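Following are the structures in question.
In what follows, chain A forms one complex with chain B and a second complex with chain C.
Coming up: the complex of A and B.
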């Protein structure tokens, strides 16, 4: 199981690959939409790749609740256990 | 015990002719953005669409189907009377019964079997799979497969989920006997647990009982459909390649249902298609025309010189149901 830092690092790689942003910009307090300019379709790509990377399931209806990177990290951490 | 005769057909089938008909009007994003409070830039970014083709008010879905069918018959070098079966894939024929296929067959001069299938955006590939089986079983010599939609009859101009994507068109092919394999095995299936993801807003019974807010139109859960199509369809496409006994390197053209340019691009990535493969992107100019989109994109690739007769094409349809079908074919 990955810890919080490892999840953040892995998620940052996925976000960087999808958006072209630098991994350093992907921080816990950043909003996916307002700060990182990630639209709903890119968000689904990031979610799917995160599901594969961390072997978790993130239901579609939960995605709208993942406002910040920190929300996603927390969800993935909880879903692992 | 009495033994029944059974029909036996030729060993192989092929696409013998292709025809398409696009709605008469190319409708740019500027013409539809006001009711959805959007912009040309946003629609292009989210879907890739610049214009969608829409038919005149007095052009019916059967008119579009007939036009495409006549071109397909001419390309195959046969007459309507040579057609033993007509398979019409549509979700926009405005009668529950009778089906549109007998009406179309009659216009073309065919008295062959004629039936509609409701497989939405997978309908063209579903039809190819059925036609291939009908020809090879000896049930029909020539099968006309038509994907025809007048989506604009079932759109809500204020809907932000799907209406702005949709166009009107028809694509038709004739499936006939072949002296060598030219249609690979169809890999198909469904996932009815996702039936609500793309649907008619109200049932006809709700309309009858006054429970519908308005005339039923189409609706989709866009992000969920994007996720399903982008990531679940790539393995289906790879299965179709494997079932045909070829490799991605052998494919000349990838012709997916034209749902959204972002889905198409993600599928190309997930399948791992080599750079030499020409990818159907007719959605940019024609929009999403449901069952008609694959033959439209095929015609476009050939017209643009990016694919040619004899090339191997991987085609995959997917949509409301959820349903999907894929096969590798030799282009006519």
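Coming up: the complex of A and C.
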């Protein structure tokens, strides 16, 4: 199981790969849409890759609640246990 | 009637990553066909292990996040589009008067089959959400439309190996019918994947000259044994003459006519007497307001198949009569391989360059020409077209399903 910092680092790698952003820009308080300029299709791609990386299930209907990177990290952390 | 001119060219293909290097390689008579070195090349017992692959991979041109959103067919289209658009001087045009018509014969085959591999291996939940936008055959033209904010319409007519030429024909018609002032038109294909290779091989359509890849594409040669799969894209910027002249654009050539017919004969084989092909050439010339006497050059479809090459050649001879003795015939697939949906577009780029430079590119690998060939074939080294006066040239493209497209270009 990954801790919060490991989840953030792993998620940052996925986001960087998808968007070309630097991993350092992917911080807990950043909004996927407003700060990182991630559209809905890219978000779904990131979710699919994160599910695989952390071996969790993120239901489609939950994705809309993941506004910030922190929301996603918290969800993944909880889903792991 | 609105005259349509060509103001920009772009390509990436097995001879070069842009128009200048491609044209140089073509005039030098180089082959872009090589033995495949991909990790899958020897995995499945394929009968054919060579193809014409890009010399400049799209990963060297596009950023990684950008490329990840596109199937290779769309990536190649975008590379060619950027070159063509910049070459045209990035024209300022009302977005609602700018169109995109970029076709693929097969579509996002890499995306589709890779997604299926992932699903079989990891389950349905691992199928990525961009799969559909990447595999759809209109994806290249949609990305071109996005790239340039082209809103007059974005189309992708599909007609197998005639798709690229049909796209240029449709772009021509968009301008002539008043729907657009500028259209980015062309074709792309990225089908060098074990499945399409094996499927074409199963039709006995591909050359099996594994021991001599560079010599495998040999249109009109008596020992031709099938086509060689190639990949890449060609894109042209078409513009109304009025629009081009108003902005002082450089004009490569005029696109004066398109002829499109269907054989209605067989799903893969061409009509044996080539009537549909000949009619496409005739209609194209009529639409251009020209006669056969005006034709100085033909860039043939000529894929190096035992049957197809001579049906077309007899059609050209039949249409042009004795004037065929004065027409320089080039079969550039001898160098590039067959780009399927990209072929008609790349060969339009060759045809336009030939008119601009009054030089017909060579056909390589013809050591023993078919004795029936009664057109003046340019072999091994380029030959000069007449130095003076207006010249016209025809670019032929034919596709499985009996699709025939002939484009008539003329010197600027």
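We adopt the following convention: the second predicted complex is superposed on the first by the 81 of 81 C-alpha atoms of A that agree within 3 Å, B and C clash if a C-alpha of one lies under 4 Å from a C-alpha of the other, contacts with A are read in each partner's own complex, and residues count from 1 in each chain.
Going forward, a contact is a pair of C-beta atoms (placed from the backbone, for glycine too) under 8 Å apart; a residue touches a chain by one contact, two chains touch by 3 or more.
What you see is a predicted model, and the numbers here were worked out from it, not measured in a lab.
Peer 1: Give one word, clash or fit, describing how chain B and chain C relate on chain A after superposing.
Peer 2: On the superposed model, which is not a single observed complex, chain B and chain C clash.
Peer 1: Mind working out whether A:39 is in touch with chain B, chain C, both or neither, as first, second, both or neither?
Peer 2: first
Peer 1: Is A:67 touching the first partner chain B, the second partner chain C, both, or neither of them?
Peer 2: neither
Peer 1: Would you sort A:17 into first (chain B), second (chain C), both or neither based on which partner it touches?
Peer 2: In the superposed model, A:17 contacts chain C only, not chain B.
Peer 1: After the superposition on A, what does A:80 contact: first (chain B), second (chain C), both or neither?
Peer 2: A:80: touches no partner chain.
Peer 1: Would you sort A:48 into first (chain B), second (chain C), both or neither based on which partner it touches?
Peer 2: After superposing on A, A:48 lies in contact with both chain B and chain C.
Peer 1: In the combined picture, which part of chain C sits where chain B already is, 20-28, 56-64, 110-118 or 272-280?
Peer 2: 110-118
Peer 1: Overlap the chain B and chain C contact sets on chain A and report the shared residues.
Peer 2: 41, 44-45, 48
Peer 1: Hey, which residues of chain A end up touching chain C in the complex?
Peer 2: That would be residues 17-20, 41, 44-45, 48-49, 51-52, 57 of chain A.
Peer 1: For chain A, which residues are in contact with chain B within the complex?
Peer 2: 39-41, 43-45, 47-48, 60, 63
Peer 1: In the complex, go through chain C and note every residue touching chain A.
Peer 2: Checking each residue of chain C against chain A gives 63-66, 68, 122, 125-130, 133.
Peer 1: Hey, which residues of chain B end up touching chain A in the complex?
Peer 2: Answer in residue numbers: 45-46, 221-224, 226-227, 230-231, 260, 262, 266.
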